[in-house]
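Chain lettering (A, B, C and D) follows the sequence in which the chains are written, and residue indices restart at 1 in each chain.
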Amino acid sequence: MERKIRTDLALEVRESFPEDDVEIKGVILTEHYDKKYKIRISKVNIKDEAGARAMEKSIGTYITIEAPELNNSSEDYHKPISDYIVKSLEELTGDLSNDEILVVGLGNREVTPDALGPQVIDNLFVTRHLIREYGREFKERNHLGNVSAISPGVMAQTGMETLEIIKGVIKETNPKLIIVIDALASRSINRLSTTVQISDTGISPGSGVGNNRKALNEENLGVKVIAIGVPTVVDAATIVADTLGRYMETTGFNEEEIFDFISEVNGKQMNNMFVTPKNIDEMVKRISYTISEALNSCFSAPLQA
Amino acid sequence: MERKIRTDLALEVRESFPEDDVEIKGVILTEHYDKKYKIRISKVNIKDEAGARAMEKSIGTYITIEAPELNNSSEDYHKPISDYIVKSLEELTGDLSNDEILVVGLGNREVTPDALGPQVIDNLFVTRHLIREYGREFKERNHLGNVSAISPGVMAQTGMETLEIIKGVIKETNPKLIIVIDALASRSINRLSTTVQISDTGISPGSGVGNNRKALNEENLGVKVIAIGVPTVVDAATIVADTLGRYMETTGFNEEEIFDFISEVNGKQMNNMFVTPKNIDEMVKRISYTISEALNSCFSAPLQA
Amino acid sequence: MERKIRTDLALEVRESFPEDDVEIKGVILTEHYDKKYKIRISKVNIKDEAGARAMEKSIGTYITIEAPELNNSSEDYHKPISDYIVKSLEELTGDLSNDEILVVGLGNREVTPDALGPQVIDNLFVTRHLIREYGREFKERNHLGNVSAISPGVMAQTGMETLEIIKGVIKETNPKLIIVIDALASRSINRLSTTVQISDTGISPGSGVGNNRKALNEENLGVKVIAIGVPTVVDAATIVADTLGRYMETTGFNEEEIFDFISEVNGKQMNNMFVTPKNIDEMVKRISYTISEALNSCFSAPLQA
Amino acid sequence: MERKIRTDLALEVRESFPEDDVEIKGVILTEHYDKKYKIRISKVNIKDEAGARAMEKSIGTYITIEAPELNNSSEDYHKPISDYIVKSLEELTGDLSNDEILVVGLGNREVTPDALGPQVIDNLFVTRHLIREYGREFKERNHLGNVSAISPGVMAQTGMETLEIIKGVIKETNPKLIIVIDALASRSINRLSTTVQISDTGISPGSGVGNNRKALNEENLGVKVIAIGVPTVVDAATIVADTLGRYMETTGFNEEEIFDFISEVNGKQMNNMFVTPKNIDEMVKRISYTISEALNSCFSAPLQA
């Protein structure tokens, strides 16, 4: 059975299993709760094909940082979240300050909940061109990483698959690591813009608002890919199904029948619709700033004592 | 009973009455279909307090232009829609080329479906300052209207009610007519960005994405107000309720019970959520251009033969 | 003789007097140099009509903060500049945390060097609507100021004088203090985006990129006006005159003759031209962020120990 | 002697020769004047190495369309300019409706005079992805060209040479023709945004506001490159030199000595400064719209009679 509830968060897939407390074969879930800042860190580790099939996600590690207070809080709250992003990146890929890194901001700058990727890129400190011009000594004296960045736009704007553009750019510029930033779809309204997922699996097709069909991952790009995603939308069909489901399941229908009913009632028109909050502009601005701060601090070599 | 299905289109309110073909007291509905361009023009005329109560809309005339082909079509299709907008404006307010007119673009420029108003303003040809500088003769020689315009922003950005800002601007600049442009909420996904509602009643609180609480109308502003609105979102609770309703009503529940169920399941979190299409950027760009073309042509005096 | 060299900085007017070290009647200049951060604070105090005539600026105090390192420096450098802005504001107007304040972002958002005002507004924390909704107790518990804000656009976009818009808004919302933010023209390329001028005189006509003709000051608005300005452009005629002047003055021409020569050669076409750096986008983004941080911190009441 | 006056227009280089009416070896200049629309079409044909050396421009054809009325005129004026752009493109490259074409919008979207390229891309009708999805029959039925497009950003944003990005994209997507759009620097204020240069030589380094150092041309990209450029800035040193030059040359100095004097007076600080008009936002919006209309009409196959 195809899972029809749409979510880009591995954590939500894991939660969707009724056997919440038993183990799923091939999938390890570990959790940590930071009481001081009310931040929950979950790690879903999909270890093998069995786990991947069960989860319908690629093999790899998905770290989720949940900070439910984020939208109500002051700037001081950004620092701990940013620190957890840095820690998660380093856990997945080691020290970033010596790599040559290409950061890719996916999404459509013109559609607010999809502008997360481009907005992160706008605040990045790129350095590759400076190092090429002023040399290695300049890099070391200033404790710079080697960072390039691109916001390629979406297929409706370019006529090209994002994979084609990024593949070409990689061939010409030879980065050692790709970090892809994208807006995601979650199942829950509560997670919008308060949750960050970091994974070493690349970005699977069909994320967030966009419709990218070909995955940006190591298999396709030949370089390791870290994905950083933030849910900014809920799929419209999913929100309807979730509510309807709670009603129908009391009457014995299963998830597939519920989706079939929704399709019948709404036809195809709900396929390309998403749900997002009215103040999504502030939310995206805030979280994209936090992510770019985290990246900028990862990329700089620490100063020697 | 409070009507809980949320729509800013008088036409949709009218359609929501089960007695689709009988007359509602105090409300007159007339329709015209343009076969050539597949454009439907409906006019809802709320004549008295009885009609206003039944419709939960202000007394006045609401003209709705529906052009379902708009999103699939070429630029040539804009002209007939623009022409119908001009005709509707003239029906509601007479010749516009000699008035002093203030055009107000409501909405938040940073949230794509709410950016309709500001985008219309961006393409307007404003002339008030030119006429004040170069005089009446200049106005007549160049067949100019007397047009000023403002995009005041939303309350979350300004800390002020839009009504306060516009009232103040009117006191200082004395326009004879206000045209307010705003994004609306409709009940139907199919109407998004393909429908234009023009009314002589002003804008009622709570339209579209925004949360304006005080109406911009002649009563509050002391000047006649024409509102031009385009649905760009569906309220998230409405879309859920509509689907759920079709299911539940087979089991005998009424609308109010359905909304109660939804509130119980989703809590308050769905209150500030909206549903919008993935390509809303293109849609808003296209229809706001059509509206500004219509306004620009209204405001210029016709050249004498 | 009309002074033709165009600058909005009182400090540059003062510097333009040949008698650099003698006193100008009615004008007091005091200076402070912060060695640690390489920031120079100058205060030009125009005390009476004689000083105002000599300086061709209004009576009042102009504090200039010069931070020449700003464009090359890290984020840590923003804090001391922001602190000096706070200190200067408090010197001119006292504690800001209890006033009702309207912040006005002048300029055209679509022209990069003129977007300073709107960009400051974008990062402000406005609160007036929250206090009106949740009351005085809410304000005090959260240590909030009472802040509203508007970016009215420029006359070419609105057809209205900025003065008309702001006057109207003030009448409706009754703020006790106006803070106006604007891009300025300086005489020197070196000062672009590294200098902040804060004055208690309002904004005089013709600042920066814009063409506002009527001053936003206490006389016109009936409320005290503090102006915060940052030079982001040099007038094109000024830059030509400055260079040409250095050449011609060796041959005995005076400033007026030089400007006459330039007008003759270039005609009127240079009147509406400005000079700005290629990376003006980064510069405006950086300094507008610093200013909004300073304002946000002024407006919040200090937490009690 | 290095020519220090900076212009990207071949026509202005040609005009800079004192021998205005005699022939320069290897360079052919032909002109056409459209009296009805007051549009001048000039063609500079650089035929060989001698011409290229004299002109300091690549061998090839440079067509310049000058429409001095453009900034004062109505929308009806766009059509003839757009038609001349189409005609010039077809002269340089033949029928465009059957090629696979990649359009590249150079420049920094955040700096108004440099945003021309990205703004043209924003209004392009891209089709490559549709044709790949729906096939050749779809293309023919709808008379579509095969168009992809990208706005790669500038080196300060990406850390990469634009050449690297475009080379990579070409390798992956195999277009048969590249059309590059860029803002240019001209020598004359009068030409800003009223002049379009179309050439078959690619874009030479250092154009417009940007600092691209490696040429986008057939030699570097392996595909034919057509460049469309519009002057939106004058180099600040050039405008000073032009004025100063008129003065100094009466005293017998040559161009080189004038530039040396300017460098001495202004130092390096003027190197990255440009001059642009106050209403550059409207200008760029208008001309970029005209260019995208021209391209959209080129790319569609003509309907059969």
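Everything that follows uses one rule, which is that a contact is a pair of C-beta atoms (placed from the backbone, for glycine too) under 8 Å apart; a residue touches a chain by one contact, two chains touch by 3 or more.
Since this is a predicted model, take the numbers as computed values, not measurements.
Residue-number overlap of contact pairs with A-D passes half for only one option from A-B, B-C or C-D: B-C.
Distance from the subunit A centre to the subunit B centre is 36 Å, each centre being the mean of its Cα atoms. Subunit B and subunit D have CA centres that are 41 Å apart.
Shared contact sites, meaning residues of subunit B that touch two or more other chains, fall at 156. In terms of inter-chain touching, the protein chains here make up one closed cycle, each touching precisely two others. Those residues of subunit C whose C-beta lies close enough to touch subunit B in the complex are 121, 126-130, 147-153, 155-161, 164-165, 167-173. Put simply, subunit A touches subunit B in their complex at residues 108, 110-112, 114, 156, 189-190, 209-211, 234, 236, 239-240, 243-244, 246-248, 261-262, 265-266, 269-270, 272-282.
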